[in-house]
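You will see two complexes here that share chain A, one where it goes with chain B and one where it goes with chain C.
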Partner chain A sequence: MTAFFVKRLAFSVITLFGVLTIVFFIVRVLPGDPALVILGDQASQAAIDAMRDRLGLNDPLFTQYLRFLGGALVGDWGVSMVSGRPVVEEILKVLPATIELTVVSLILGAVVGIPLGVWSAVRRNEVPDYIIRIASLLGLSLPAFVSAILLLLMFAITLRWFPVMSSGQGDTLADRARDLALPAINLGLIMSAYITRVARSAMLEVLNQDYVRTAHAKGLVFNVIIWRHCLRNALIPVVTVVGLYLGILIGNSVLTEIVFNRPGLGKLIVGALNQRDYTMLQGMMVIYTLIVVLVNLLTDLVYGLIDPRIQYS
Partner chain B sequence: MSAPVLNVENLTVSFRSGEAWNSVVRDFSFTIDAGETVAVVGESGSGKSVTALSIMRLLPERQSRIEGRISLSGRELTALPEPEMRNVRGGEIGMIFQEPMTSLNPVLTTGFQLIEALRRHRDMDYAAARAEALRLFDLVRIPDAARRIDEHPHTFSGGQRQRVMIAMAMACRPKLLIADEPTTALDVTIQAQILGLIRELQTEYGMAVMFITHDMGVVAEIADRVEVMLKGDGVESGPVEQVFANPRHDYTRRLLAAVPKLGALGDTATPRRFPDLTTTPPEPEPGPEDDQRGKEILAVQGLVTRFDIRGGVFGRVKKRVHAVEDISFDIREGETLSLVGESGCGKSTTGRSILQLEQPRAGNILFEGRDLADSNKSELRALRRRMQIIFQDPYGSLNPRKTVGAAIGEPIRVHGLKSGAAVEDEVVRLLELVGLSRDHVLRYPHEFSGGQRQRICIARSLALNPRLIVADESVSALDASIKAQVVNLMLDLQREMGLAYLFISHDISIVERVSHRVAVMLSGRIVEIGPRSEVLNRPVHDYTKKLIAAVPVPDPSQRRIRTGLIEEELPSVIRPLDWQPAPSKMIEVGPDHFVLQDDST
Partner chain C sequence: MNSHVQRGAYLRQTFRAMGAGLYSAFNTNKTSWIGLGLFGFVVFVAVFAPWLAPYDPIDQNILNRLKPPSADHWFGTDQFGRDILSRIMYGARISLVIGLLAITGALIIGSAIGVIAGYYGGILDIIIMQIMDVLLAFPALILGLIVVAMLGPSVTNLAIAIALTAIPPFARIARAPTISVKQREYLSAGRALGFSDVRLMLGHIVPNILPEILVMGSLWLATAIRVEASLAFIGLGVSPPTPTWGGMIREGFENILDSFWLAFFPSMAILLVVFALNMLGDGLRDAIDPRLKDAG
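Let's look at the complex of A and B:
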């Protein structure tokens, strides 16, 4: 177990190192001189040269690379070219809002998706199954920004239950929950559509296994068989999908955050793109990689909790 | 006399197919008394498992229909509401299934699965149920029960898992135990242990036992009465001695005749075909085949095959599986050498190593006098053409999306033996050789039965005109009558083409029928090798004796399975890296008959 963890951690470090390298070179081959971007078209050549010197752009590429790696290691990802504040500071300011949104929609997706998937499998080819399958297909095909606008129309504008703009910075927990509700429901429903479909097909396979027949032969009650004997066996593919989907969720959060005007990584990255904030983009790419790598590590560990046959060796 | 425990009257079970209902069991009646064992016998598709599942009401409700009466101690089960039926399942009727490897839930501990059954039916708190589970683990003789009870099923061997299943079925002291082919997937020595255990528990608790099997040897060992099923109908029923001595129905007679009896060939040196029983009148028992053995075709000298077990951060080799350890033998043209032994003894690895499907660590394999290790790629390719393998699973070894003609024709084209229309003719010739016809060329594998598929596999292996065929458990998955036909086909082909067979099997009764010589493997080594009549009739090595003693005898007057057998498992062949195996030293105990020198000799 420890050996496995150390091994996976080592892989994670290598992955991060690789991403840092790629990010460094991508930023260097992008068109446009950062010094010119910072100072604007009107700057004199002397000012531009001074700025290039200050940014270290006149040093050999390798020196710049080492300086970049060293900085990344100690958490110094440079200064935003737009706001002038450290990149780390900017990211850390919005990271909690994104984590909050992702985790809540993930929980929502699992709480809705797993029971629906199980129910659908148990009532295979009956009315509930058809309804659930159609609903989940709808959830998959509807773009995140369309469902977001529909939710806003219904619950924020017509019914006025939730605010249209959600700053996510409310003082009380209730304020924050009200702000979070619609964005989380939007992402959570999409997530649940994925989970429903995977849980259904995994359950269908498990329901045909010999050990389920054994459980019936023991005289166990149907619900015990489903929830205790079958579900845990069906969870592995679900966890895999959740792990993979977290990446998509972060992508979807861009659209959701824009529609609901909510602060978060998504909004930050779109802003940085529009303003060609290279240092900020560099930092964002690193943080996204870090998240994906961590989620993968977590997924592997969860496999072992679910299935005792998976040995970390 | 008291009422029977189980009384099945005019049971008819139908399955829905589209709008119509197909009956798979028709008008079947039988009873089982307390303390009695009734064997329900028949080949695949005869409806014996469906009968068992109907008694438990475990068939899918919407797709099946049960008619007739099933009563347990006078209580009618067919009309019982589901909640009460749940109390019957596991409470009054215990059930054991065929597949011990998949019948236990892999994510729950074995102990928990047992405790769950106890708490469901016996109103115990957790501590009491755990204590009872521990007692049951001891009862079914799981070694080191106190520790094993908290372990998951994947750490148990097949035999041990079946013991856990028995403990679970016995947990609530059921009136009736239904055992659905409980030993079919197990080795003979483990089978003997499980049969002994079931009988012991039956005597102790006075249960009625319904024992479903296709193996007449097992029937003779365990049953008091027999019910024979054929395609959904009960065709014969009676006390076991009577059914074996005076079978009344034609089908029972055929079933019994198709059962190989160990020792039936006496001291003759050559294989013998099974009589063809489908003709009227049935063919009499054939005489031994002529001895047509020619010169040596394969020589294996000091073969060693090991597998690495890797682990740790850097995936270093931690341990090794010593699958095959210093074995030597040879095979002559037109000869069958059988490799017998239990699962994990290395017999399949030996076959695969000869065909270079596994890389041997050491030793020489000489085929037609050429050392495979010294041959270059193209020579090896030519040599390999003349060695073919047939696997156990005729379902898995044919590509479902390829016609039979394409499957058989492919090796001919790939090796450039023939081209164009000549390939077609060759495919038809091969199909006719294995008893199929020209009409089958364009059909797909799913249109054939298991026996026919195995014929197709044989035809495909013959396509390259081989001299040696490795048959790896090739007939083990087939019903007795089909098994007899395929064995006959293999013997006919051997006579006509002078083929040499390396026949790998755990089924010693079949081995007697097909072999000239027999080699017994244990933990990667050959412990005894010699002429068939010597090894099987006068075994020298302790393990050979034990193996032969465990084979059920299809004669109820010669019951040999005893209760209280020693519960041993085979020694592990996983060794540390610095393990230095001693070379295999064989002692000659008779003409051409050798035994491994070890602790037991």
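Let's look at the complex of A and C:
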């Protein structure tokens, strides 16, 4: 277990290092002089040179690279070129809203997706299976912004059940829940489409196993076999979904936040792109990488908790 | 003696077998035919858009702005009085061209990387796959956003950005079967006959893994079209006035409260093509995946 953990940790560190390196060079290649961005078009050449000096842009590339790596490690990700406030501070301010949205959506996706996937597998090639398969395929064909707009049209504009724009910062819990409802349903339904499909195929594989036949033969109740014996084993691939589809989840959360005008990493990165806020972009890429690496590490560890057979070697 | 003829015959045979395999895969899962039909319809509309579209997609007609769907304008008009149906038809071209360019590129480059990594193995394999894993770890949309912001939004640049995100999965898909095919006897035989590595890879490994890669291609084409629309929605699509589905939805979203048709119909167009491709690829994947043969 320890050896496995150390190995996974080492892999995570290598990944992190690799992406940080790529991020550093990507940001250097972006068109436009950061000093010019900060000072505006009217700035004199002397002022621009002074600013370049202050930002350390005149140092050798390798020095800048080392400084960037060191800063990234200790949480010093520079200062936003637009707001002038530390990048870390700006990110931490909106991070809870994004985490709230994605975690609630994931739970929603699992609550809807796992039972549907199991049902679909048990009733394989019958009407419920066909309906669930088509519905889940439809779910993962919907770009998140399209489904978000459809939800808005139906529930916020036609039925007026929810606010059109959610601030994500309601005072009371009820306000917050109302704000969160549509974005979370949007993201959750898309996740449930992925989870349903994985749960179904994992369940189908488990249903063919010998021990399931034995359970049937010794007269166990059908529901006990399905929910206690099969589901536990079918859950292993479902957990991988979280790691595997994390990129999709993040992409979809960006689009969801934009449509519902909800504060979060998504709105922050699009704003940074539009305003060419390079330090902010750099920080955003670092935080996304951190999230991806951490979640993948976690899913690997959760494996062992669900499935004691997995040897951490 | 006449190795060219033999080789031609061999290749014909291989491709005929592959074609037959794909045909039977289609028949195993009827949904693939529906997906192919729907996708064919979209391709048809895109190719013949200039003849099919009732109006010019760019001509503005301010007197006719924000008209709801009617007999003259089936899907209504937008804020500049442009016919939405015509814009959707032309928009299909951008989506398909960018998607096909990106996925063809990713398919060729990704598969080549995967086959080379799997064929040579060792340290090269480890390094290549490590780089692929790092790329894979990064959310596709975010990578796309940054690359397009870096290069500027044009058809080629969008295709490059999307291709970059799709290379790692193709490398992975190509690598695994390469490793198993590498150990077959006919490959040792080829090696004993002195065939070059390139010939072994192109002539004997690639035909074996091609069906799987092509099926992946149809699924990733769906993803590529979705990502292109998402980028356009965020504002990083091909510049206006060229109609793109994502861009139309972006513009329509501003008028969503009183003129829903602006965003609604292009949304349905994206859904149709992505759903069609997913149906096509999904059915085929189930049919050719031996693990799922009896799990249909």
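Following the convention adopted for this analysis, the second predicted complex is superposed on the first by the 313 of 313 C-alpha atoms of A that agree within 3 Å, B and C clash if a C-alpha of one lies under 4 Å from a C-alpha of the other, contacts with A are read in each partner's own complex, and residues count from 1 in each chain.
In this text, contacts are C-beta pairs under 8 Å (C-beta built on N, C-alpha and C of every residue); 3 or more make two chains touch, one makes a residue touch a chain.
Source: prediction; values computed, not measured.
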item: Contacts of A:L152 with chain B and chain C, given as first, second, both or neither; value: second
item: Partner chain in contact with A:V293 - chain B first, chain C second, else both or neither; value: second
item: Touching partner for A:R160 - first (chain B), second (chain C), both, neither; value: neither
item: Of chain C and chain B, partner touching more chain A residues; value: C
item: Partner chain(s) touched by A:K218 [first = chain B, second = chain C, both, neither]; value: first
item: Which superposed partner A:I14 touches (first chain B, second chain C, both, neither); value: second
item: Touching partner for A:V6 - first (chain B), second (chain C), both, neither; value: first
item: Residues of chain A that touch chain C when the two form their complex; value: 14-15, 18-19, 22, 26, 29-31, 124-125, 137-138, 140-146, 149-150, 152-153, 157, 164, 201, 204-205, 208, 246-248, 250-251, 254-255, 258-259, 269-270, 273-274, 281, 284-285, 288-289, 292-293, 296
item: Complex contact set, residues of chain C against chain A; value: 130-131, 133-134, 136-142, 145-146, 149-150, 222, 226-227, 229-230, 233-236, 249, 253, 256-257, 260, 263-264, 267, 270-271, 274-275, 278-279, 282, 291-292, 294-296
item: Contact set on chain A toward chain B in their complex; value: 3, 6-7, 10, 209-211, 213-221, 228-229, 232-233, 306-309, 313
item: Complex contact set, residues of chain B against chain A; value: 56, 58, 86-91, 94-95, 97, 99, 102-108, 116-117, 120-121, 152, 154, 165, 168-169, 311-313
